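The following pair of complexes shares a single chain, subunit A, combined with subunit B in the former and subunit C in the latter.
On to the complex of A and B.
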């Protein structure tokens, strides 16, 4: 006899098979991850060709500063795909997890069984995390495979471990968005607000908050650089200090850059960034525990 | 230490409510409802739309907390012992909704596991055989008609062999064939499985053909409760249950 938590988690996987929107976004995410290596390789190749051309015309002399490329440089774009498409995918998985039962109209049926709200929410959480980990595991294998394929040589154990830790970090980063989606899905009256609510918060966390702390061009936020350009204005500098812990994207990008050894940043663990992301995940898990039966609404309107 | 529940096994009241009140804002949906239903009855709760029938069932099935009063099922308090109460009951809401994208078997497996049914596959086959519904086992719910959904709903409600089955407007939207099939299912569940049936309805003809006992609810107040035969005997001047219902309803105004 299975526990209700495992039964609900198992059902989550069964229903996810038929969730076209979440499957589509997850598919796009995995597709982008698999071509990420080729995009990095191609841009690096282009820069080197331009440098070689410049050298040939005597425009420059000396060694090519871009000649060497760290193996994990090839997955640098994945950092941004996780922030953009990965987070959207996590939100969608969360929203769909909550509204699938409401759309099916089975909430009353479920709670007429010997099932507590905590068991229900824990089962949903377990199912969602299983799916999220499955997606990230596939993404990790695709990244590893593309680096191997492009470089044509075995990836060192150290780099393999760094890649694995990077995807662990990605899970930590995506989990709050996933839970956010679930909470909105559980308590919203309409499907539209269930989707729009977490997406607006995602926009705020990914674009607005980082932008408030820097006077850099907004597009620069999409670069997988370890840190934002230093601010020249007191206003931005003050905001940056205040909003730094909330800027999950910056924390993730910074920790990822260190892990992958991008942009000449030293490899290692960025404790402050990890702590910020872990606290965000823990905070959202606590929010999940506060979901009450009376707050889980009945059938949802489209 | 596991709590020992004193589940009533006699033919005494299997459902009892005392002073049940439900208030939404300033309005009372239920006012001091005192119900007594004995084991083995097929009880029909009659009333107009908005009379409080669904609220009553929702409280007894532990889905709602009453504003005042209490309800007992098999001698268990619906608030204090809600989990154990849920093991004793099956529930079929008015609009049977299950997972459309899944097959009947997948849907039933989920509810069987949630109810802690041992050997769920075997139990599902038994239940579907009982309902003469085995041919639809591997069909998706999205292909089901209203009548088939109703049967699927009954199947999910009786998987764990509950002692009481609650049906909220079960005949609503069914064609005549569906109504007849539903009636036969209800009667055989009562007769062969010994299930007590509690159904909400405003179909008087259905009550006449199916129920052994009735209750009449009007604007949240229980106006009347007795066996169907006693009711008909008590109003000899009225030709049908419809006339009796209208008379009781008018007297309650």
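On to the complex of A and C.
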């Protein structure tokens, strides 16, 4: 006999294949991952030329800031695309997953069968994670391929492993956003609030929380480099310390920088950042269990 | 304004202002803008206090007086607030524009509505006028929030010229927000399924507000090194310009990419009026306008295009001629 969880998960994959908007945003994400290597290469190439020009003009005598550039520096822009497009795709995937059954009126039919809310939610979760992993796996292969193509030399085993772990980290980072979208989609009475709620929370996590501890301007937070604590003031130092675990995007940027050896840092694992992201994923999984049958079966309006 | 447009306008404005969840979101945006200004003020006061301590220590040791203290330019301090309007504002504008058309589609009131003798453009004109007035009210509230925060917490005084520049900057914000509402209204009427229109709007927002400017910023050589490339090489501004003159093709491509984003035009015009970009700081309005009028004109052109799009899409054929799936 088939497990109801696997049936729901399989159905989730079938629905996703026909969801043109989910496919579009996933396509944008994969497209940006493909070109990010070329954008990085082009800008790095320009920086080297600018440095050479500065030397020729005799206006600098310092070392080239990009002299010790790591091969995986070419992936640096992917970090921000995961924070921007990846997280929003994960949210939309979650919201769509929850509201599609409610809008189509299938949810009542489903629960007329011997199916518990936990089984339904687990099936949905499994299906969504399968999709996320599939997208990230494709993105990983595209990143690896673009680094190989641009550098024209084989990527070392160590760097390949670092890239693989980076995409594992990306999955850990995207999972809470995906679940957040699902939870909002499952409990909201209106389609607008189902979409708007998680997007606004994402805005708070990407812009507001990091700004409170760093004094960084919102637009500068679109940079792959993690925001640093403001150099002055007890207010910022206190906020930075308190809000650090909640600043998921900074935790992801920081762990990615360390993994990929960006900004001339030595490669390694940032345990604190991994722990923060894992706790956020665990917290959201717990929130998933709180979804009530009465809410999930409720009608959804504009 | 015809009688029908007037009636639609009033009904629409009333609906928008009575939508509690939307008003709550606008209040949240105002709070975030105020928070950004508070943070900037705190940072400035900390810098000033550090400077005073340093000056006092120098005076006690009998050394020469230090350079002038950090200057508070109230308009420059508004940068964070403007950036929040640039990023979060379109999300709210999309929700307002979408909601304006989606409610009609879902409530099924359109057949009754179009059975009345109204002109082909009356519905769109009434809705767009209401959205325009809504954003005018919200921009006025933001103006008060910004000036009050800077005055009472930042301790800054605004001159008449500064008020005029802030007004021009917020006029740009109004055009920017009205553009997004018009686009969302038009798309919601155009697309058969309103939910899909909302998603498409968010994808456009992601591309135009976040992605295109980010690519442009990433390609900026000065943004490649933490703290700035030229600063890390100890290269001053005049030499920076001389060096970058050799990369004019690259800079033109980068600029063209940025200019495809309406957000960047809003940002450039606002930052020029607020003096965030140093070359415009303390300059007269006429000078700033002559240098940046293209950004304001692009903003206006985008607003007119989105208004025209909404006017052509918000009609009987789209709203009741095509059934929702």
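In this section, the second predicted complex is superposed on the first by the 287 of 302 C-alpha atoms of A that agree within 3 Å, B and C clash if a C-alpha of one lies under 4 Å from a C-alpha of the other, contacts with A are read in each partner's own complex, and residues count from 1 in each chain.
Everything below uses one rule, namely that a residue touches a chain if its C-beta (ideal position, glycine included) is under 8 Å from a C-beta of that chain, and two chains touch if they have at least 3 such contacts.
Computed from a prediction, not measured in an experiment: that's the story for all the values here.
Note on subunit A: of its two partners subunit C and subunit B, the one contacting more of its residues is C. Once the two complexes are laid over each other on the shared chain, residue contacts for A:11 go to subunit B alone; subunit C is not touched. Contact with neither subunit B nor subunit C is seen for A:290 once the two complexes are overlaid on the shared chain.
Of the two partner chains, neither subunit B nor subunit C is touched by A:271.
Contacts of A:157 after superposition on the shared chain: neither subunit B nor subunit C is touched.
Contacts of A:111 after superposition: subunit B is touched, whereas subunit C is not reached.
Residues of subunit A touching subunit B in their complex: 1-2, 4, 7-8, 11, 14-15, 18, 100, 104-106, 108-116, 299. Listing the residues of subunit B that touch subunit A in their complex gives 58, 61-63, 83-84, 86-87, 89-91, 93, 95, 97-102, 106, 110-111, 113-116, 118, 156.
Within the complex formed with subunit C, the residues of subunit A that make contact are 21, 24-25, 28, 32, 39-40, 42-44, 46-47, 49-51, 53-54, 57, 59-60, 62, 65-66, 77, 80, 84-85, 88, 92, 99, 103, 191-193, 195-196, 199-200, 203, 207-208, 211-212, 215, 217-219, 222-223, 225, 230, 232-233, 235-236, 263, 301-302.
Touching subunit A in their complex are the following residues of subunit C: 21, 25, 28, 32, 35-36, 39-40, 42-43, 46-47, 50, 79-80, 83-84, 86-88, 91, 95, 98-99, 102-103, 105-106, 194-196, 198-200, 202-203, 206-207, 210-211, 213-215, 217-221, 223-226, 229, 232-236, 239, 242-244, 246-247, 250, 267.
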